[in-house]
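Below you will find the structure I want to go over with you.
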Amino acid sequence: MRFAFTEQQLELRGAVRQVLASECTPADLRALHERPPEPAAGPALGRADPGRTSARWAVLAELGAPGLLAPEAHGGLGLDEVDLTGVLEEAGRVALPEPLGESAGLVVPALAGLLELPGAGADAGADPGKVARWLGAVAHGEAVATVGGVEVGRAGPVLTTAPLDPDAQLPDAVPCRTPRVVASDRADVALLVAPGAGGGLEVHLVEAAAARRLPTPSIDGPRRPGEWEWVPSPETRLASGGAAAVLVGSLVDRGALVAASQLLGLADRMIAMAAAYAVDRKQFGRPIGSFQAVKHLLADARVRLEFARPATYRAAESIARGRPGRAAHAAMAKALASDAADLAARVALQVHGAIGYTWECDLHLFMKHTWALSASWGDAVTQRARVLAEALAGRSG
Amino acid sequence: MRFAFTEQQLELRGAVRQVLASECTPADLRALHERPPEPAAGPALGRADPGRTSARWAVLAELGAPGLLAPEAHGGLGLDEVDLTGVLEEAGRVALPEPLGESAGLVVPALAGLLELPGAGADAGADPGKVARWLGAVAHGEAVATVGGVEVGRAGPVLTTAPLDPDAQLPDAVPCRTPRVVASDRADVALLVAPGAGGGLEVHLVEAAAARRLPTPSIDGPRRPGEWEWVPSPETRLASGGAAAVLVGSLVDRGALVAASQLLGLADRMIAMAAAYAVDRKQFGRPIGSFQAVKHLLADARVRLEFARPATYRAAESIARGRPGRAAHAAMAKALASDAADLAARVALQVHGAIGYTWECDLHLFMKHTWALSASWGDAVTQRARVLAEALAGRSG
Amino acid sequence: MDLDFTPEEQAFREEARRWLEAHVPAPGSLASLDTPEGFEEHRRWERTMYDDRWSVVNWPAALGGRDASIVEWLVFAEEYYRVQAPKRVSQNGIFLLAPTLFEHGTNEQKARYLPPMASADEIWCQGWSEPDAGSDLAGIRSRARRDAGGWVLDGQKTWCSRGAFAEWCFAIFRSDPEAERHRGLTYFLVPMDAPGVTVRPIPQLDGETGFAEVFFEGVRVPDDQVLGGVGEGWRVAMSTAGSERGLNLRSPARYTEAAGRLLDRYVGRLAEGGEAAEAATALADRVARAYVDAEAYRLHTYWTASAVAEGQAVGAEASCNKIFWSETDLAIHGLALALGGTGSELLEPGPDGGSRPGEWLDGYLFALAGPIYAGTNEIQRNVVAERLLGLPRG
Amino acid sequence: MDLDFTPEEQAFREEARRWLEAHVPAPGSLASLDTPEGFEEHRRWERTMYDDRWSVVNWPAALGGRDASIVEWLVFAEEYYRVQAPKRVSQNGIFLLAPTLFEHGTNEQKARYLPPMASADEIWCQGWSEPDAGSDLAGIRSRARRDAGGWVLDGQKTWCSRGAFAEWCFAIFRSDPEAERHRGLTYFLVPMDAPGVTVRPIPQLDGETGFAEVFFEGVRVPDDQVLGGVGEGWRVAMSTAGSERGLNLRSPARYTEAAGRLLDRYVGRLAEGGEAAEAATALADRVARAYVDAEAYRLHTYWTASAVAEGQAVGAEASCNKIFWSETDLAIHGLALALGGTGSELLEPGPDGGSRPGEWLDGYLFALAGPIYAGTNEIQRNVVAERLLGLPRG
């Protein structure tokens, strides 16, 4: 039993932190934020600043971040989810708008897993050459990958992709719609879950060029969620049947971990911002941070964060080792991290007072990303229901 | 619309308050408390100090409290539930151990109602002369009455009386057991709900002498809950069929109101005790009440109490007028009052610190009564479920 | 105690309901009142109300009101929220300044300022907060200098709601630089087009410009634009603060209406069945609690209204109000978002497409500000502890 | 990072489990340790453990321990709670005083005091709080006067757990009346049978006598009963305070075991169906949260243990621990009572009759004290805010 990061893990994380501090500043985020669009007429895709985005992605690629989980044979670092969780905590700290969690944490292990399990490929008929090409491209940071079509429900994965024509016969050659694909405008490729024949699931790999992409209004503009219209086909199919079910189960657990890791960083950032503000800001002739009410608000937020961390690291270790409890561990991590970050957001706003309510104050950049991530991949209530179900099964079994 | 007490109501309440301040002191309560008995060997009944209890009851009777809701023709004051709720708030303030809520708030209106509805008597075959005799005796304070056999569930009344022999044929001549009848050792008579033929309900009036009474261990010793073993018979029967269902529905609403009213007084008392302590007690060289953390704890408790009050008074008015919403109003009052009093107890203990954890400090006398009343007649979660069900029915209907 | 509305109150309700149903714009059809177009659209709506004497029902008939009782005022608000009528762009004037004018204004001031306020020809913003004096009015630094025939104002105010478009500002300045903290403040009425007044809108986190900074540089105002006596600004302001924190501003209808929509949303999720229904069920107790609290707030308001109607003063209890409504508002809107479920990007129309997209989120953002403005809840708790519970000042 | 227990840790667990299963008294079979009989019964159980070297597993073998690592110590606690073994009557000594003795004691002191502590021949109580110095150690007034060959102690201590029956007391006295607050305190080891020591048990609200007041009147102690240097009492005490608030005292097993029983109780209610099941379902999310928090506490403890094993110091994070475990404990026990449902008189055996009557209530009463003792949570929040977040002292 050794429940601690290695020196190397801390170094990698430190390097990412250092780079992101200059590559992803509040000013960068503000540039990507728009006044929330009127829902009737969404903004055209492509408002992102692709130059800055590609530059930042290139820097992350140089550190090996997108390919962190990819085997070295495919151009990755061959590291594991414990390494990744620390890196994503740093991504959260700067509210990184690019889909590092999706690319590095979900798509890379999915593609790498398919290559390692020949059964899966056979089951679906995916072309291993194509899988390997995309894996390499994503791992090297040449392509940006995202994920869609699945959310987390109390009883398991919830499919969100649906045929445009509700009466159409699935699966192939029927145009489908997948809502809320993040990084919709900058992803080159997406791993999309879709309904299969006979009520089953399928997983497809869809190139951005092959999809019609419409932006979804979001309070967290830089995340760029969008709806993809696309046509499942044998060429896009990666897995079906049992292999798809396993893959989607893994996506759900990894999605929770990836979101939880970033939420830890976000919470830490917001608490630090609020603490700094409380030291500077004076009311009634003294720093507001000297008032017990402010101290106790921030202390409570710090405590919730403190206890969300080891639970998230444990989930990472569980997934890395393929432990049987990994689903419950990921759910627990997400529940704790969502609550910790939501509390941090509320407390930070309370401490900032009216200033925190303005566009000029950086706080909203982090609050909005927190709200989006907290609701993604299973909110705290949903994930607690999953934990409870697993725990009860464990006690009676 | 006039949502305020009358001068007379405030005067009656003030008189009760004044009397109880000297007639029901913490020293009196402490004398009635015993170290919680080992559950295996409960204390014998009759540990109550009957002298002091009868004296206090006599004083209350002199003010007309037990017969407050009884018609003047039966020796009562002919007042209504709005008058009663203020009186019971004062009973709560001193943690009155006698069953004023049960006698004045539940049994008296039940008996008076039976006399007014000849249909009910006919339905059940109750002897109006006997009902009138007991009504007069309870209203005059000559007899102490209690209630048992029903609790509040999410979907309505929950019957707790059961035959000793689970296979016995109900209803008559079959020994039954009714748990948790309060004031078990000092009540002269009890209104007991029991299962009737064909899954229905019946209401019986049972004299203490006709029952075998066993004490139930309780943290709130002075309430003296006990189990009654008794035999339903045509002589004890007050109502059955539809009349019994109406009567029990009324008991459930009135029980919630009676408990809520007392919880308001308890909360107020505990907050006042804690505030007084916070002014006196010094730590780190200043009164602990000058620390913001202590202020805010107490302020939050005060706020919850402030908003539980009008809801309770509204429930009283609703029951007094027989308004259609009275069940939801009583449920709402109980939910708010339970939460307010539970919070007040917790905050008061926190403010007192270790002192509050001792037998010598008066606080526990009020906390224990709060815990018992808060869980009685539907706890906050149960009552909120009732409110929600009613509200949803109201919106769809 | 009688919770039936009187026949008069009932008739008043029915008249209000009929008028509103005939005149109210469709929910969401006006542009945001924090845009120039929306501001004027809202002004026109106030004018429509004024024309039929519905803009200030509790004012004297001579000033365009209906002499409505406090209970009738509450009834009107219930009807107003029931039809989801527009936000009141005149709010600062009619709810915050008007009570102060009625109490402290000269007859000339009342005659000059109240009618155009009622008709929305003149819309007011509030100039209290300063960059270094948020909840702490005593820290005000903006100065008023005596000058021939009047005063010269210098300084900076911030968080002025409606400040970007309003015609007038009611503001507090330090008129005696020697006096300590609460003393030496004076309450002024200042036209926003006076020479020396500069407005800088402050964009909010949702991109709207609900408030503004207002800069005063040598702004001259005559003596008759002092409200309530030189050096009396603190006392005068506190009567308005009581209004802001207490009964007037916060009609319970706002919360009961939102709680009702929360129940609808909850029922909608239940009706979907499956995952959505189970997720909603997990929130049942919290939904119920939010609903109960909104009801408790409504009842408490009527309770207070009865006391006020009988001549009692509302004191520090107003601080209890502030804490309670702001927390209830947050609970209602937070739960509505939580019912939106996992993966929601928060601005989408929910499956209960009837509500406007982003409507709950707007409400949530607004609710988040609740514990902050009108005196932070931390300060309100101090007030409750010190004034209602007798704890020592710290 | 590797969360598998090593083969050695695994073997240690199995040995502990086998031994405990063979020796542990049936749950609830010992009388309360706050009664004279119960105290002796618990002492005998400590002796039984000591005889097989299970009473102080993390101590050196030479002193009766097993040189267990910190992880093994946690493993032992898990096994101990798993079988619901008796409360540790030696707790104050082995968890609070022993770490201080190991750090600050002379070799003679260690040899004199540790073995009888391990065997429970000498049971210790704590003498820190005073009537006017609860969480504020700096306010201590009890005095130590220099005297030929030693010290004379006068004063009063309170809230001494086990004080009614213990053989020894570790206590802090003001040895320099001139020194301010934290300075001039000295840490003493005092036999309870010394002339001049008087004990007055304090009945608790549950009728038990868990703690006592201890009066010192001219009590003479020699120099070798000073622990850690004259005037160093504050510094020495703080290392023990860290233990009390941090890792040692609060094995996570206590909370995970209670959370597990909470789940059993929840399942029991579900299985009853009808009203009970619906009522339980309404509490599902809160039950799940209590369970998750207990798990989070366990994981955090192992996280800290790994850091400690690698030589890192635990600082103000210990205050986070204190806040978190005390709130988790309250949540678990409060929910267990809430699952008991309406009308429960709180001391009755529940329908899950397996648990002892009143067991959850006992736990709840104990949990209520959690935010108060070992430094109130208010003080812990100040520590977190000032030392972890850098906020200014107020």
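The chains carry the letters A, B, C and D, assigned in the order they are written, with residues numbered from 1 in each.
Everything that follows uses one rule, which is that a contact is a pair of C-beta atoms (placed from the backbone, for glycine too) under 8 Å apart; a residue touches a chain by one contact, two chains touch by 3 or more.
Note that the structure is a prediction, hence the values are computed from the model and not measured.
Across the two interfaces under comparison, A-D and A-B, the one joined by more C-beta contacts turns out to be A-D.
Taking each chain's centre as the mean of its CA atoms, B is the chain most distant from chain A.
Centre to centre, using the average C-alpha position, chain B and chain C are separated by 41 Å.
Distance from the chain A centre to the chain B centre is 53 Å, each centre being the mean of its Cα atoms. Of all residues in chain B, those that touch two or more other chains are 291-294, 296, 381, 385. Shown for chain C are the residues in touch with two or more other chains, namely 282-285, 378, 381. Contact residues of chain A toward chain C in the complex are 34-36, 39, 151-155, 158, 160, 180, 216-220, 223, 225, 282-285, 291, 293-294, 346, 349-350, 353-354, 356-361, 363-364, 367-368, 371-372, 375-379, 381-382, 385. Within the complex, the chain B residues that touch chain A are 291-293, 296. Chain B meets chain C in the complex at residues 1-6, 9, 82, 271, 275, 278-279, 286-287, 289-292, 294-296, 298-300, 302-303, 306-311, 313-314, 316-318, 321, 332, 335-336, 381, 384-385, 387-388, 391-392, 395-396. Chain contact summary for the complex, chain D toward chain C: residues 281-285. Chain contact summary for the complex, chain D toward chain B: residues 129, 132-136, 138-139, 158-159, 202-207, 211, 275, 278-279, 282-283, 337-338, 340-349, 357-358, 361, 368-369, 371-373, 376, 378, 381.
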